[in-house]
Amino acid sequence: MLYLLLIFTPIVIALEFIHANHIVIFVISSVALIPLAKLIGDSTEQLSLYYGSTLGSLLNVTFGNAAEIIIAIVAINAGLIDLVKASITGAILGNILLIFGLSILAGGFRYKEQYFSQENVGLQSSMLFLAIIGLAIPTILVNTLNVKGADVSIENQTNVQIVSDILAFLLLAVYISGIIFTFFTHKHLFSTQLYSNNKKDQKGAESEKEKHGTVVWTKKKSFLSLGLSMVGVIVVSEMLVGSVEVTARQFGFGELFVGAIIIGIVGNAAEHSSAIVLARKGKIELSIGIAAGSGTQIALFVVPILVIAGIIMNQPFSLVFTLFELVTIFLAAIILNLIARDGTSNWFEGIMLTFVYVIIAVGFFFIK
Amino acid sequence: MLYLLLIFTPIVIALEFIHANHIVIFVISSVALIPLAKLIGDSTEQLSLYYGSTLGSLLNVTFGNAAEIIIAIVAINAGLIDLVKASITGAILGNILLIFGLSILAGGFRYKEQYFSQENVGLQSSMLFLAIIGLAIPTILVNTLNVKGADVSIENQTNVQIVSDILAFLLLAVYISGIIFTFFTHKHLFSTQLYSNNKKDQKGAESEKEKHGTVVWTKKKSFLSLGLSMVGVIVVSEMLVGSVEVTARQFGFGELFVGAIIIGIVGNAAEHSSAIVLARKGKIELSIGIAAGSGTQIALFVVPILVIAGIIMNQPFSLVFTLFELVTIFLAAIILNLIARDGTSNWFEGIMLTFVYVIIAVGFFFIK
Amino acid sequence: MLYLLLIFTPIVIALEFIHANHIVIFVISSVALIPLAKLIGDSTEQLSLYYGSTLGSLLNVTFGNAAEIIIAIVAINAGLIDLVKASITGAILGNILLIFGLSILAGGFRYKEQYFSQENVGLQSSMLFLAIIGLAIPTILVNTLNVKGADVSIENQTNVQIVSDILAFLLLAVYISGIIFTFFTHKHLFSTQLYSNNKKDQKGAESEKEKHGTVVWTKKKSFLSLGLSMVGVIVVSEMLVGSVEVTARQFGFGELFVGAIIIGIVGNAAEHSSAIVLARKGKIELSIGIAAGSGTQIALFVVPILVIAGIIMNQPFSLVFTLFELVTIFLAAIILNLIARDGTSNWFEGIMLTFVYVIIAVGFFFIK
């Protein structure tokens, strides 16, 4: 059904050719990305069926954020560094506050109380927090240097970039350790579905029967559709990125708001919908897996990939965030913890998380 | 017994007429407010007996901070915005550190270990944290804008006020959701006494026998005494507010110290004493209900009311706090969590909370 | 075996006399301090056998950080205030991240899962957090004053010192209350080994048989070796402190890095090794006791002692830390909590704590 939106891909390419209004291109390309992101997910899911459960799960996890990574790399290439950083902030906040909050809320309207294992949430919380510390170091460093000296000299900027590069490799090392922990040494603690934030995978897990009913793609078809959907994301991202600045200016939106709230929601639309659907079916455990897992993955996997991509593309992508971004991610991680650690959820907890997202979004709206 | 202090109300009015020393008026009016605040509580409690348990509890909860709200509105009207903000900080700190700490301490001297349900503390913690995020946004916004631009322009000030107004309504919406959660959809999780921070209600719960022994007021008498005590608070607040600045200057106290520590303690004196009395009787559950519940209510109910009152009185009351206030509330909320989350308490936990209060109070003393 | 390193004490004294290279003296004196610190611990342990279990444990706890305190006082006397502050930060971070992380890691390679009581970790977390609040107040105060006024005037500096002095006494009072709690009123909750961070004590506890096999020193010998080792630490510290600045300059290290990372590791080398050995033997409970207990003790006992020493030596030692130090300790305390609160540990938790230490160390390296 979502695939009907694939029609927007040729439409937006056509619009780009006739040099249509930037706002129209921005909106249409945003919508066109949603089914493309889903297609990457589905292709990977199909492909993973040919590679056994562990390797298959690894494939799912690795390609789970392929769309986000491609969009970000296109934007970095266009020099929109701050926008990409804001979209990372927004993706983390969106996952751990909005997706999680709306899932709990959706489930809470049906079930008085829902229960979930604390094992996975605890692990994701710790990993997320580690990532936040990694992201905090360069920012505090810059602010400390700022306070002491008068201005950030070129030497300092180089240092901050070096720190960011080192930290990117450290975060990636933790991420890989986490993969080893979850998929190999302590596999028994986790159901593989939990860790993966791939949408189809989750949906497929709902009922085995449903899965058996769906058509299995051939290996060739899977590879082809994975390749095509990735090309599609690259092309459409170019258009999205090309139109974002004019659109933001015309609506009077700041770069932080566009990145964190608008792109943050667009880029995670597929996760949003599947997490909420799962919660309504009483599978809050899987919703939480998507929300917390996806947030962690962006911080520990996507961020390092982007820093490394920045090195390769010679577009320095440092880990210096604005204080507002850093503080809000930090506060979001703490309230997620307070709410999730008892292993139960009810509608009011969903309301609280969702409102924290709205409160933070209001803040982003006023930064220009 | 506390009602003997009502004699100070006519005394302070007389002193005001003969233009007595400001320090004397400040002290006497502070003392006069304590029994008046108690009288509001008792009248509401009596009145609630006529309206069934749910409506009655709602009445209690809503009027529980009536005295604080009146004092704050009188002070806002006099333009003492920073003093009111400090008194809010002080009321939150006083409730979650001093009242809670002294209660645990009082109970801990009698009982080796005291136990309480974590359900209520967990809920209050989450709500408190959400409120802290709400209070943090405008402050971080102002500081971020400050860093970037040279000065806060008038346009920015207007924006900060708009953000504060929006956040006030969001916090109020969360508060109302919390009421629905506690009194309607998940009533079974909470004993109504827990949530209410009304003093008489708590005391009445100590022993049913005691309650039956007390005289029940008529509906008319209850309304009359509620009205009279509220008028009393308004009149005495005017005198307190009128004398506070001269008093602070003469003692060399900063505005923050007077607001956060002195008015913070005076405004919550009744809660303090009843929470400690309850803890000594082994009813630590009720003490915690008063302390945590009252702290949350100030952040989620009193603060929005004051922002809205500011809009009505055309005295802009923004949510921009000093960094010192914000950071201390944040740290206080975290240590409350660390100490309360195991569901047991002992005298040393009481010592720690009390000392954190003293440590923070020392800090406030030196800000001028 | 470690005692073979005692040979470095005469060597470093000889090198000092022939005015050897500063870097050589720095390295040799660092190594020489390790067995001397161990000798203080062992002497106290032997001595404690003559004074009953409670008084003996108190002796152990009090002299547990004797070496650190002596080194710090020698450095304060030499005016290296910032270096000492950094070494305190580093000792806290080293204990709660590196020692704890490596212990969990060492244990995790052998045991799939290790379990420990949350009682002690919970207590240590709360105490640590209280100390962090105490350390935060003067720093925030200075930064708040900085923002408001243009410069920190002399009057403000005096005030900050007064605040530091008051807070030192408050922290010490909490520490003494904690001693009373652990050793007297709630002794039953803790095994005395847990609290003590003395190395020999822990090792001795491993197997009673081993202990009976070791020779018991006479009271006289114990006193003598305690005295001699303390004199040794004083002498060697003088040389370490005298060579630290030249060494740092030649390697291009900042003062913060030398204090927090190098001295932080050297000063705790003995704890490091014994905690890791214990964890490998499955005694993770004791490792945690050393790591968390030692971190708390530095914050609540060593810091106040140094402030008081500063008053006596007329070398004002304030509690103003850099924001980087304060924020990293705060974040470290939170992640310790997230990881330790479930009462189980596995190798990945050890990896995470260790990486957080490395991430923070990278940050320190780039502050100059």
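Structural remarks
Order of writing sets the chain letters: A, B and C. Residues in each chain are counted from 1.
By definition in this document, a contact is a pair of C-beta atoms (placed from the backbone, for glycine too) under 8 Å apart; a residue touches a chain by one contact, two chains touch by 3 or more.
In this text, all values refer to a predicted model and were calculated from it rather than measured experimentally.
Chain contacts in this assembly form a complete graph, since each chain touches every other chain. Of all residue numbers used at the contact between chain B and chain C, under half are used by both chains, marking a mostly different-residue interface. One finds 40 Å separating the Cα centroids of chain B and chain C. Residues of chain A found to touch two or more other chains are 334. Residues 118, 122-123, 125-127, 129-130, 132-134, 136-138, 140-141, 143-145, 147, 159-160, 162-163, 166-167, 170, 173-174, 177-178, 180-181, 185-186, 334, 337 of chain A are the ones touching chain C in the complex. The touching residues of chain C, when paired with chain A in their complex, are 112, 322-324, 327-328, 331, 334-335, 338-339, 342, 346-349, 351-352, 355-356, 358-360, 362-363, 366-367.
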